[in-house]
C-alpha cells in the first residue's frame, strides 16, 4: 500500500468503527419496531416508521420549529456579525481587546448559556424583565408567541461571534484596489459596501452560513435548559423530539427514522443554499 | 484506556465481585438509584442505622435528578448484570417496567417477612405497585396533591376554604388584585400541568379512560375542566407564568404573592418551617383536600430489578426501610407517609406536624387516583401535558387540544 | 484595515459607542452570574440587588462539598483522550488529503462526518455501548466524542498542511529523509501552531458537549456540563451553586480559547476557502 493510503488508514478504521457501523445499525433500527422495553420482540416494519412520521403532527411541528429557528437565528447572526465586523474594522483603538471579548460567547458550553438566560429572563427572578418592567415594558419572553424567538436571540448571543470571526478574516483578506477605485469614483460608503464589499465576501458568507446552519439544526441545550419544548409545542425542536422519542418513550425505531429524515432535509438545504449562492 | 474502563467496570461489577468475595461471610454491596429529593436526605441518614445493624451489607446511593433516572434504570435493567440492586420507581413507570420484566415480584418476600404488615400501607397507594395481581413495588413516599392556602387571608376576609371547584374558581378570582393573585398555578408542559389539571378533571367527574379502557380525555367533563382551568389562569394566576413549574409557583406562594396553590401535600411543612423560605409568613399556611375531593396521586415505590445479584440482601434493605418502625421514624423526620399506622400515630402527630395535617393527608390519600396508568403512562403524561399547555397558551382551542390529546393517547396504547 | 477610509471624529465616536454596547451585551451575563455566585442565599433570587456582603459559601460548597471536582476530572480525561486520539489519526490523514489531493471523495466524507447530526448516532451508540457494558463509563463518552472531534480536527489540519510550501518537504527528502520522516520531522513541526489550535478547538468541543454525555453517563462518569444541568432539580434551581459550576466550566475555556482565535479561521475553512 502506498504511503498516501497508509496515512489515511488509522482514520478510516476509526471512523468506520465509531461512525459507519453505527450509521448502518441506525438504518437497520429505523426499519424495525425497535422499543427498548420490548427488546425480545423486535419486528420488521419496512418503511412504516417513515410513512408514519410523515403524517405525525408532533414531528412535523418539531421540524417546522427547527427550520424557523435555523432560518431566524442564522440570518440574525449573519446581519449582526457582518455589521459588527465592519464596525470593528473602523474602531480606532482597543481593536484587539474588543475582538477578543466579542468572540468569547462562542467558546462556552451551550447548557451554561441556556441556564444563564433562563435565570436572567425569568419573569419572576430575572434581572432583564425586572428592568424592562421599570421602563414600562412587560415582556413575557417565554410565552407561546415569543419563546422560539427568545431562543433565537440566545443563539445569536452565543453564535454571532462565529460570524464575526469569519467576516473579520474575510474583510482583512480583501484586496485593496477595488476600494481605492470606488473612492476615486466617489462612491458612497453604502454603495461601496453593496457593490464591492458584499460581492467579494460571498464565498466567506457561503461557508459561514452553511457551517452555522448545520450547527443550528443541532439546537438542544437551550430547549433542554429553558422551555422543554413548551409552551405547548412552541419550541419543540427536532433534536429534543428525537431525544424524547428515543430515550424517554423508548421508541428507538421511530427516533432513528426521524434522524434519517433530518439528514435528508439538511442535505437538501445545503444543496439549495450552495447552488443559490453560486448562481448569483 | 484500561484505567478508564475500570471506572465503569467497578460500578458494573461490584455486585458480582461482592458475591464472589463473600462466599463464606455473605457480604453484599447494594447500589441504589434514587432521586435527589428531601425524602432522600432522610433515607440516607436512616440507612446509617441499617448499616450498623447489618455490618455485612454496604449501601451506596446513586442520587440524581429526575430527568436522568429513566434511561439509567433502563440500561441497568437491560444489562446481564445489574448496576442497581434496588431502584425506585415512579408510579407512571410501574406497569411499563413490570410488564417489560425488569422487576422482581415481591409477593414471596412479603409473605415470608413477619411483622412487615403489608396491609398497613394505604390501599390507594399500595395498589399502584400491584400489576396483574403481582406486587412489584412497595411504597416509598407519596406525592398526592392537596390545596395549600394562606389561612390568615381566608380568616381575615371571613371566607370559607372552598371544597368544590366552582367555589374555588370564584374565590381565587375574588382574592386577585393588581399585585396579588388568588392561585399560583403550574401550567408548564408535561408532568407539571398534568399533576395540577388532573385534579380539576376529577372535580368535573372526568378521567383519562372509562371502565372499558376507552379514551375519554376529550369528553364534556374534560372540556369543562380545561375551560375553567384556562379561565382561572387568565384571571387569577400571576402574569407571564406559562412556563411555571412547581418551583416558581411555590416561590410565589412563599413570598406572599399568591393565596393558594395545588401542590404536593408535604410542601406544607416546608412552607411553615420557621426560618425557612417563607420568612415571616411561616405558620400561616394550611393544607386542605383539593377542590372536589379526589386528588391526583403520585407515589414512588421501592423495587428490586429482575437482574439484581443478591435479591435477599436487597429485600432486607427494602423491608427494613419500609417497615412500620422505620417508616415512623422517617415520617417524624419529615418524610411523606404511606402507612396507615404511621399517619394515625400520636407520636408522629406530636413530633411531626400536628394531628390536623396528618388527618387531612389521610383524607387526601384515601380518595386519590394515580396520575396515569398503563404501560405507556410516561408518554401519555407528556402527550396530554403538551396539549394542555398548548390550550392554556392559546395555540389551540380547548376542543382541538383535547382531541389531539385523545388521538395521541390512543396511538400509544 | 485595508479598506478603512478616513472617517470623521464623530463617526469614530459612534463606532466606539456601538462596539462598547456590544461588549456590554456580551459581558453582562458573565458579570451577573459571577455576582450570583457570591450573593448570600437570601438575595440571589432578587433581580434588583446590587449591593450585598459577598459570601464564599457557594464556592466552598461546590469545590469542597460536592461531586463537581470529580466531574471536572471526568471532563478533563474525556477531552484530553479524545483530542489525543483525534490528533494521532487525523494528522496523518489530513497530510495525505492535502499533499496527494487524495480523492475528493475522502475529503467530502470528512466534511459529511463533521455535519452528521448527533441524533442519528446517539441511538446506535447507546445500544452498542450497552452491549459492551460501557454505559456510564468514560470510555463510552470518549467514543461518542470521537465522532465529532476527529472529523473537525482532520478538517482543521488540512488547511494548515495546504499552507506548507512543497519545497520544504522536497528539501527534506533531498537531505535524505524518507517521505514519512519528512512528514513527521519537518512538516509537523512546521505547522505546530496549527496543531495546537486544532487541539484546543477539539478540546473545547469535547469539554462543552452535553447531549452525548447526558445520555451516556450516570453517577460515576458524569461530565461537567451534565452536572451543571443537574443543578436545576426538583427542589428548584440552586442558583448560587449553579453559578459557581457555570463559571468553573466557562472561565478556563475562555482563557485557552483566547490563544487560538487567530488560527481558528484558517482551520474552520479547512482548505475550502482561501482568505
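Order of writing sets the labels: A, B and C. Residues in every chain begin at 1.
Just so we're on the same page, a residue touches a chain if its C-beta (ideal position, glycine included) is under 8 Å from a C-beta of that chain, and two chains touch if they have at least 3 such contacts.
Since the model is a prediction, treat every value here as computed from it, not as a measurement.
Asks: Counting C-beta pairs in contact, does A-B beat A-C or the other way around?
Replies: Counting C-beta pairs in contact for A-B and A-C gives the edge to A-C.
Asks: Please flag the chain sitting at the greatest distance from chain C, going by CA centroids.
Replies: Greatest centre separation from chain C goes to chain B.
Asks: List the centre-to-centre spacing of chain B and chain C in whole Å, with centres computed as mean CA coordinates.
Replies: 39
Asks: State, to the nearest whole Å, the distance from the C-alpha centre of chain A to the C-alpha centre of chain B.
Replies: 37
Asks: Need the CA-centroid distance for the pair chain A / chain C, whole Å please.
Replies: The answer is 16 Å.
Asks: Considering chain B alone, which of its residues make contact with at least two other chains?
Replies: As it turns out, chain B has residues touching two or more other chains at 71, 78, 251.
Asks: Could you tell me which residues belong to chain C and also touch two or more other chains?
Replies: Within chain C, the residues that touch at least two other chains are 45, 214-215, 229, 232, 237.
Asks: Name the residues of chain A that each touch 2 or more other chains.
Replies: Expected reply: 124-125, 129, 247.
Asks: Touching residues of chain B toward chain C in the complex: what are they?
Replies: 1, 4-5, 7-12, 35-38, 62-68, 71-72, 75, 78-79, 83, 246-247, 250-251
Asks: Of all residues in chain A, which touch chain B in the complex?
Replies: 36-39, 57-58, 122-125, 129, 138, 140, 142-144, 147, 226-234, 236, 244, 247-250
Asks: In the complex of these two chains, what residues of chain A are touching chain C?
Replies: 3-5, 7-8, 10-12, 14-15, 18-19, 21-23, 25-26, 29, 84, 87-93, 98-105, 107-113, 115-120, 124-127, 129-131, 157, 165-166, 168-176, 179, 183, 189, 192, 197, 203-204, 207, 211, 214, 217-218, 220-221, 224-225, 238-239, 242-243, 246-247, 252, 255-256, 258-260, 262-263, 266, 270
Asks: What residues of chain B sit close enough to touch chain A in their complex?
Replies: 70-71, 74, 78, 96-97, 99-100, 187-190, 238-243, 248, 251-252, 375-376, 378-379, 382, 386-387, 389-396, 404, 408
Asks: Taking the complex as given, what residues does chain C use to touch chain B?
Replies: Listed in rising order, the residues are 45, 77, 81, 130, 133-140, 142, 214-215, 218-221, 226, 229-230, 232-237.
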